[in-house]
Each structure stands twice: as C-alpha cells, then as structure tokens.
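Below, each structure is written out as structure tokens.
Across the two complexes that follow, subunit A remains constant while its partner is subunit B and subsequently subunit C.
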Partner chain A sequence: MNDLTKWSLSQDTNLQSPWIEGIPGCGIPGAASLVEHIDRQILVLQRDGRYIVGYLRSYDQYANLVLENTFERFILDDTYCDEPLGIFIIRGENVALLGEVDEEKENQWLSQLRTASLEETKRIVREKRQATKAHLHDQPERVEWTFYDDAFF
Partner chain B sequence: MLFFSFFKTFIGKTVTVELKNDVIIRGKVHSVDQYLNIKLEDIEILNIESCPQLMTLKNSFIRGSVIRYIQVYAIDVDCEMLQEAARREYKELKKVAK
Partner chain C sequence: MVLPLSLLKAAQGQPVLVELKSGDTYNGHLVNIDSWMNLNLRDVVWTSREGDRFWKIAEIYVRGNTVKYLRVPEEIVDILADQQQQSHATDKSSFPKNRRPGSRGKRRWGS
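After this line comes the complex of A and B, so read on.
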C-alpha cells in the first residue's frame, strides 16, 4: 500500500502539476499530470483503436481511469453514433492516448457528419475490426528449429 | 533515469511522436514522467485520415508504453552531453557493483 502522506509537492516539482489533497495518485511522480483533466470531458483512444469519451473522475499512477457518463463513439465514413455506457473503469495498459476535447472543434467536426442508427453502425464497425484483427494474426508460420543436442544424435 | 532527465530537457520543445498504432502526433512537450508518459500541447495529428476523431483534441496525454518513436529536432539535442551523461551513469553503476 502506498503511503500517500509521504509524497509532497517538493518531490513533484519537475512535473509542475498542482497538488490537490485527497486525490489518489496526485503527487506521485507517475501519471501525476492527469490531475488537470479531473472532472473534464476527455477522449480516450484505446490500444485496440476504440474511442471512449467520458468525464474523468479518478486515475492512478498506471493511468487506470474511472470515467463517468461514458459513451463509446463509432465512426464510419461520414456517419457517427454514440453508445452510452455509464461508469467505466479502464485498465491503464489499454490506454494509448487521452486528451481533452475542444468543444468548438468537436461541434464543427460533428456538424460535418450525419448521425446513424446505432445498431447498424456498431455491426459494421465490429465487422471491420474483426477483419483487421484477423489480418493482424495472419502472420507467417513459425520456423521450427531442431537442435541435435540429444545423446542419440 | 537518464532518459527521464533527457526527455525533461524537451519540455517546451516541439517533438513528433509515433505510436505503436501508427498515429503520428506533433506537439509541444508539456511534461514527462518517470514512465516516459508524455503530455503534449497544441497537438497536430499528421495522419489525420486514419483517426479523424483525434482532430478535436487540444492536448494529449500519451502513455509511455504505446510510444514507438519520438522524433526531435537535432538542434534540441546535445549529443555530446548525452554521451557524457551515459558514461557517467555507467561509471556510477560500476562503482555500485564493486
């Protein structure tokens, strides 16, 4: 168990992040800079390419995240749709990138797109993902090496 | 710890980060931490067609484990100093080993 009281701002000076008492991970010289995103709407790009949008409520040094009012955003050509998911806890290893959403830019961007039916978009996006996944695992067969270090050879 | 210190010298400088999922991001380094997670400001996605959604971000936190390359401008790097620091660290390690 980490003793949070041991950490202080002085150990954290290189990060130039504000110290907020009672927030786990704050002041730990890990993902400490995420503190600025707390209670803001953030977009998370996961390692598998999915986009999750939600309000960041908590995090820790591994960048495990707790998101509220979460939705997954599906994008297909010039259509998009959101699937509400509620509260989401993302294990840090699956996070590739996260950032704050610029509302102005987002609105401008979404206005160029059409909303689509969730079921249909989800189905097509999932199929596409399956296809790329299959392609990724489509690697050449392993070369079998035989080492004759046995007494019989 | 050498690379942590090294990357700290890039704070405020512009770098280009390529991720393992082929996203390429250019931005100003805001902060770096011990896992080499990097926070960029004023970001620009160089291959926007592969991930149009990221266009809407104004800053981004990149987890160190997904970074493939970091491209920096040569003018920002003092290779001699880096080499010297590497030698120093090696010497110190040897001292500890004895």
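After this line comes the complex of A and C, so read on.
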C-alpha cells in the first residue's frame, strides 16, 4: 500500500538531518514539524468534521498536504466505513488537526467495529450532520428581566 | 519532494475534482493554476453540497482561498516520475544537494 518507488525523497536523503535543503520545517530541533510524518499514514480531521486517512507525501509552508492512497473514514457508533479517494491535496487552512496512525492500535480498534455498506453509512452520516447543523442558528430564548420583586419599587 | 502546488502545476490538463469550502464540488480539466491556488477549469460539472443538483459549465475560475481540497488522478504520479527523470538527465551541474552549510566557503587551515 505504501509504494515509495515513485516518490523519491525518503529513499535517497536523510530526512532526519536539519541541513538538507528543500525540506521545509527543518533546522529548529524540538519544533513541531511535518517532516517526521512524511511517507507515513496520517489521519487528518478537517474543519468540516471529516476524517481523511492517507500517506503523507508532501507539504509546504501553509501546511497544504498531499496524501496518497487516501480514504475517508466514516465512523458511527460501532460501525465504520472507508471510501477510497486516491490522491488528495488538502488546503492547509482546512485542517483542524492531524496525527500519525499507529497501524497496530488501529487494527486492534477496527477489529472491534463492524464494517457497513458505503451508501448506507454515507446517508446516515449526512443526515446526522444536517441534524446537528440545523440548531446552530436557533435564537436563544429571550429572558424578560423584571425588577418587580425589588423591595424599593 | 514535490511541493503541493508543484504537483498541481503538473496536473494541468488532467481531470481534477475540487471541493470548495461551501461543500460544492467541481469536476473538470485543470487549465491553469497559480501560486495562490486560483484555478481555471474547463468542461466542468458542478455538484451541489447535498449531491442532488448538477450543472454543466464550460469554463470556470475558482479563487484559491475558497478551495477546501482537490483530488487528482493517480496517473499524476507517473507524470511526476517522468518529469523528475527528465530533469535529472538534463541536470548537468554536479552541484551537491546534500551538504553542510558553509562548506562552500573558502577552505581554511590547510585542510
């Protein structure tokens, strides 16, 4: 799944060295950087609430991401479903957070869930999202402040 | 490493899918892209957020800051590999890419 033959970077350079030119985010030991996640599988939570999983192939100073073998993971209570998406380029500002996937732990967790059909899962997730969004713009109940109990009125 | 915008540049002419922040998707051939991710697409199919309405549009211009994500076909990887092979073949200078800074300066102390 993790086919590196066409993406040459991690094969011919030492990613850990902070002096390699052309790799953004290097040079400050201890600072957060995406370079450690290159060619690893990461899970991205987008601002719209979607989970995207893929192998991180590239990024830039805006944290725009290039993911390969990407899929969207729909998670309901005890079921999950993956939709394959191919090559994904996410604009950096739409990422809420991301993290590296630990394959062992993930397999453990996934084996406890059921898989479901993609159509059904997508429909349920879409309905849920619409339901939660429906109340976002509800007006709060207006409270009438009265001072008739005030002792001096 | 191919930077994201360079990859998009290489995808010119390919069919791409763009989803905007609004949730609408545009499927079309990428005519042009610039450094702000502004896009020019042709022969576009617009799909609404809910996936129930469709429009066919000949040409559209998408402002880069409205893009949520793009999907490109897997063939782009082959195109990139070819491009990199070509650029390595024509790269005459033996300029070392992996080096410590300062190593190009004057040699000192008789080493």
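Here is the rule we use: the second predicted complex is superposed on the first by the 104 of 153 C-alpha atoms of A that agree within 3 Å, B and C clash if a C-alpha of one lies under 4 Å from a C-alpha of the other, contacts with A are read in each partner's own complex, and residues count from 1 in each chain.
Assume a residue touches a chain if its C-beta (ideal position, glycine included) is under 8 Å from a C-beta of that chain, and two chains touch if they have at least 3 such contacts.
If you're wondering where the values come from, they're calculated on a predicted model, not measured in any experiment.
Once the two complexes are laid over each other on the shared chain, residue contacts for A:Y51 go to subunit B alone; subunit C is not touched. When both complexes are overlaid on chain A, the residue A:A131 reaches neither subunit B nor subunit C. Contact with subunit B, but none with subunit C, is seen for A:W109 once the two complexes are overlaid on the shared chain. Contacts of A:L118 after superposition: neither subunit B nor subunit C is touched. Comparing the two interfaces of subunit A, the one with subunit B and the one with subunit C have residues 14, 17, 93 in common.
On the subunit A side of its complex with subunit B, the touching residues are 14-17, 29-34, 37, 43, 45, 47, 49, 51, 63, 73, 75, 92-93, 95-102, 105-106, 109.
Residues 6-9, 13-14, 17, 19-23, 38, 46, 48, 57-60, 64-66, 68, 85-91, 93-94, 126 of subunit A touch subunit C in their complex. For subunit C in complex with subunit A, the touching residues are 1-5, 7-8, 21, 23, 37, 50, 64-65, 67-74, 76-78, 80-81, 84, 97-101. Within the complex, the subunit B residues that touch subunit A are 8, 19-21, 23, 25, 30-31, 33-35, 37, 39, 43, 51-63, 65-66.
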